[in-house]
Amino acid sequence: MQVGLIGLGKMGYNLSLNLMDHKHEVVAFDIDSEAVAKLSNMGAEGASSIEELVSKLEAPRKIWMMVPAGVITENVLSELKGLLEPGDLVIDGGNSNYKESVKRGKEMKEQGVHFFDVGTSGGMEGARSGACTMIGGDKEVFASIEQLFIDICVENGYLYAGETGSGHYLKMVHNGVEYGMMQAIAEGFEVLEKSPFDFDYEQVARVWNNGSVIRSWLMELTQNAFSKDSKLDGIKGVMHSSGEGKWTVEEALDLQTATPIIALSLMMRYRSLDEDTFSGKVVAALRNEFGGHAVVDKD
Amino acid sequence: MQVGLIGLGKMGYNLSLNLMDHKHEVVAFDIDSEAVAKLSNMGAEGASSIEELVSKLEAPRKIWMMVPAGVITENVLSELKGLLEPGDLVIDGGNSNYKESVKRGKEMKEQGVHFFDVGTSGGMEGARSGACTMIGGDKEVFASIEQLFIDICVENGYLYAGETGSGHYLKMVHNGVEYGMMQAIAEGFEVLEKSPFDFDYEQVARVWNNGSVIRSWLMELTQNAFSKDSKLDGIKGVMHSSGEGKWTVEEALDLQTATPIIALSLMMRYRSLDEDTFSGKVVAALRNEFGGHAVVDKD
Amino acid sequence: MQVGLIGLGKMGYNLSLNLMDHKHEVVAFDIDSEAVAKLSNMGAEGASSIEELVSKLEAPRKIWMMVPAGVITENVLSELKGLLEPGDLVIDGGNSNYKESVKRGKEMKEQGVHFFDVGTSGGMEGARSGACTMIGGDKEVFASIEQLFIDICVENGYLYAGETGSGHYLKMVHNGVEYGMMQAIAEGFEVLEKSPFDFDYEQVARVWNNGSVIRSWLMELTQNAFSKDSKLDGIKGVMHSSGEGKWTVEEALDLQTATPIIALSLMMRYRSLDEDTFSGKVVAALRNEFGGHAVVDKD
Amino acid sequence: MQVGLIGLGKMGYNLSLNLMDHKHEVVAFDIDSEAVAKLSNMGAEGASSIEELVSKLEAPRKIWMMVPAGVITENVLSELKGLLEPGDLVIDGGNSNYKESVKRGKEMKEQGVHFFDVGTSGGMEGARSGACTMIGGDKEVFASIEQLFIDICVENGYLYAGETGSGHYLKMVHNGVEYGMMQAIAEGFEVLEKSPFDFDYEQVARVWNNGSVIRSWLMELTQNAFSKDSKLDGIKGVMHSSGEGKWTVEEALDLQTATPIIALSLMMRYRSLDEDTFSGKVVAALRNEFGGHAVVDKD
């Protein structure tokens, strides 16, 4: 199948190679012309603009966007709108907010263009050689592109999830669960690190990966990480986050659902961004006020 | 190797079969004589008392206890103390508190008996055909029983963790992590359940198990559970707990470690045991007091 | 001072009486004409429409809205826009989202109308005889209405907080803190209720109100509540919430601020709305899957 | 009444002055002889040892201990045991664990000595001029010392709570609630500090103290603290804790009670003790493993 691929970052580049491995024809564009050139060397057809990319695709066109969520996705879609024809099809494979995807799907539909929101998991490695995808959009139209997902995903690794928005919704919640699982693992190792015993963390992760209830890909990655830096001495515990954990919590609030684990996983990440906290100062000052407890002065 | 197995519950019975599959000779005792008879039919030698079991073992004896933590473990060990000789060896494969194991290890040592605390994970299935074990005790003595763990565990599925207590410590923290991971998964599905979309939970668990970042044995079990009852309509959301999640939180408090995910996972289980809460009543009454907000009267 | 009061609910009605106690002239409107009639009997001038209310006020008009946040506030402001003249002044005393207030302030300003967002605390009793208000808007214009706040608030009970939006922002955060304080108190009493001792909750609240570190108005209300129903047997622990606790959490997320107490206070309220949870079912099903632990069947 | 006061720290010294203000006769001992000398100058009778203190008291003796919980309390009680006679009475006014108090009460009783566990709140200021006390012990014997509590407490500021242990139990839970309320206030100010507005924190605390739902002594102390250091620039947000918040959480766990607010208040204190966290490193390393997200290297 011929696919127009917009966005050759870590995910998009690997996905393109994956598509080509399966004999799909990729026409690729990225604002970074070097990335386009690099992929051309691997067998893709390069395009120097979105307009050129569209012109090189046969109708009905199939365009897969793999660009950052938010403004850039909005801009690319806005440019595509002026170029596409009824019957064309756009896949947003990025991490867009599902509410945006619902809105975009409606707008596209008015123009006769099919829109699919596709959540993609599995990291760079997955994009390259076997991803996991969650797909929202028109069920009947989906049949026309299902082969793409059969090819680029691991076995059983794609799901037509339902109407437009459901793909990104599932990916959003997937990431919320991911935050919780990561923090659970991390807290476990923090207890071990402060424990009276002298554990070999890599070996702990290794044994937990073989036969235990908590065996998981995240635990395998934990094992990998410790194999490279046995006590993670080289890095700081600063935990950044992208939008989806936050969206999951906001969605939970909108649905009046208690999700303490996902919420706290996110908040501990926020906490890690600050060396000191104003709330800590307030509590310390209060303890001093009522109990005369010493405060720690700033140097 | 000849092994005396005390305790033929779900875990101990399966473990015995596993040992016998690997040509180990099992002498078994349980207060339930039917369980003993059943295992005898499978090739084990039965014993009608702990005393008989000890007498049937050749010195130096190897005894594997698979009995409930707490009082029963204490009683069995107390009886064994009067029967064992220097050089004998006892494995506590149950879910004992590591502090107890440290204490017991010391007491046994005074008698010349080797004590190993072994945390076992993987459920009944694991006990039967490939467990995951975390082992604390004397390193040099461990060599004399290592073959047992090579045989009953999955590949790479056992770890000599360190001195006495470290095995049960690892298992304790393992369960804390398990609580957090389970609650993370559960919260994700609760958001899906309240979402505006109509997801097929079994299919969601299936796709999350194939290529995604959160693929894990727990997610496979989630898929299994939904395959049997697609919306879990048949059961109540009452979440019981055994001791180890609680011990992990208590240990974290002792170590002054923040483990919000593990703590909240446990507390949401406690919350699920009550249909109504006194704290809820207090908040409802307060809202009524200051704002005149209606309370929900009890029928 | 002449004030147009729109909205004679629990808060607005009491506020009107409070204003009249201090010799202010109130022109009042509510969609409930009986409320208007009732207040007229107390000395206010009634109006049968917003248009009539505006026409009865001398320019520059001072209008105080005390209506539900959201759609109704929006509608009233929209109607006012067509009726007011440059120099007029509108106070939104409701619980509007501060982001809305910032937007509305800008729109009003374009029309030459002064807009003040006023967060009001203290409940009905406060509105009647001494409120607490947090005020956002133009500082210089504020001088022209400061006397109103001097009169209706308790001593030291009003604050010009800053530019437009800051009043509702402070009230939002105030409510977030309130949620946390209420849940802290409630959890304390739940521990007492499950404790091995037989405490008299009213007496506990009483002693905690006299000389202790946690003495507070909320604790006084707790004492009141227990004085009426010593074990709160008559009510259910269903904890409803209005928008501001949720907005505080959402704001905290936007600011990447860890607010576990405020977030969990809200989430425990959500939890109280459900008799059973889907997350609980998932955890119960998982425990059954790996450990054969019994689930609680639905009747 | 004649009272033997053991322990002249911040609380005990102030309590002694308070007792003497009410014409009670104080015989005082502290290991710091200067503190004894200082109090003697204020009218107390000094003792240079516990033995001397006991000998100076008329039977039946009334001894009030105001010493640190744990080992020191244990040692003082142990020494007293050898000195006291049936009919004597001991008050433990410190922050002992209620379980210890239950045990001590039983031991004392065997010796014919009455034991009262008294939780004291209100800080140093309260001890000096009007405390809040929660009292456990024999109800009939309590009558013989009630006047002491009438005198040293604020009006309505003492409660006979029930049998031995209930006084310290109430104080324990009181502190748990205190932790939650403090953290709630602190989080509110942290949101304000990160907000787009430029709030005057002292003024905010002032207005919240006058007429609002969250007015409280803790908010007054917050106002005091900000009046001295308007942005708390001089101190670090390191939040220490004594035992009682932790005991409340442990008790809640034992009672299978969900207390997320109290638990998280404590855990955020623990978090504040560490500049960096191992859990943070694990999460950061995992993000790097699956997504290639950059980690923050240690300098």
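Order of writing sets the chain letters: A, B, C and D. Residues in each chain are counted from 1.
We take it that contacts are C-beta pairs under 8 Å (C-beta built on N, C-alpha and C of every residue); 3 or more make two chains touch, one makes a residue touch a chain.
These are the chains along with the protein names UniProt gives them: A, B, C, D = 6-phosphogluconate dehydrogenase.
Please read these numbers as outputs of a predicted model, since none were measured by experiment.
Student: So which chains count as neighbours of both chain A and chain D?
Tutor: Looking at chain D and chain A together, the chains touching each of them are B, C.
Student: If more than half of the interface residue numbers appear on both sides, call it same; otherwise different. Which is it for chain B and chain D?
Tutor: same
Student: By mean C-alpha position, what chain is farthest away from chain B?
Tutor: So the chain farthest away from chain B turns out to be C.
Student: Centre to centre, by mean C-alpha position, how many angstrom separate chain C and chain D?
Tutor: Averaging C-alpha atoms per chain gives centres 34 Å apart.
Student: Indicate the whole-number Å distance between the mean C-alpha point of chain A and the mean C-alpha point of chain C.
Tutor: 38
Student: What residues in chain C touch two or more of the other chains?
Tutor: Answer for chain C, listing residues that touch two or more other chains: 123, 183, 185, 187, 190, 194, 213, 217-218, 256-260, 264, 267-268, 271, 277, 279, 290.
Student: Under the touch definition given earlier, write down the residues of chain D that touch chain B in their complex.
Tutor: It is residues 213, 246, 249-250, 253, 256-260, 263-264, 266-268, 270-271, 273, 277, 279, 290 of chain D that touch chain B.
Student: Hey, which residues of chain A end up touching chain D in the complex?
Tutor: Listed in rising order, the residues of chain A that touch chain D are 10, 122-125, 182-183, 185-187, 189-190, 193-194, 217-218, 221-222, 224-225, 229, 232-240, 260, 264, 268-269, 271-272, 275-293, 295-298.
Student: For the complex, give me every residue of chain D touching chain C.
Tutor: Where chain D meets chain C, its residues are 121-123, 126, 130-134, 153-159, 161-163, 165-166, 169-170, 173-174, 176-181, 183-185, 187-188, 190-192, 194-195, 197-199, 203-204, 206-219, 248, 251-252, 255-262, 264-265, 267-268.
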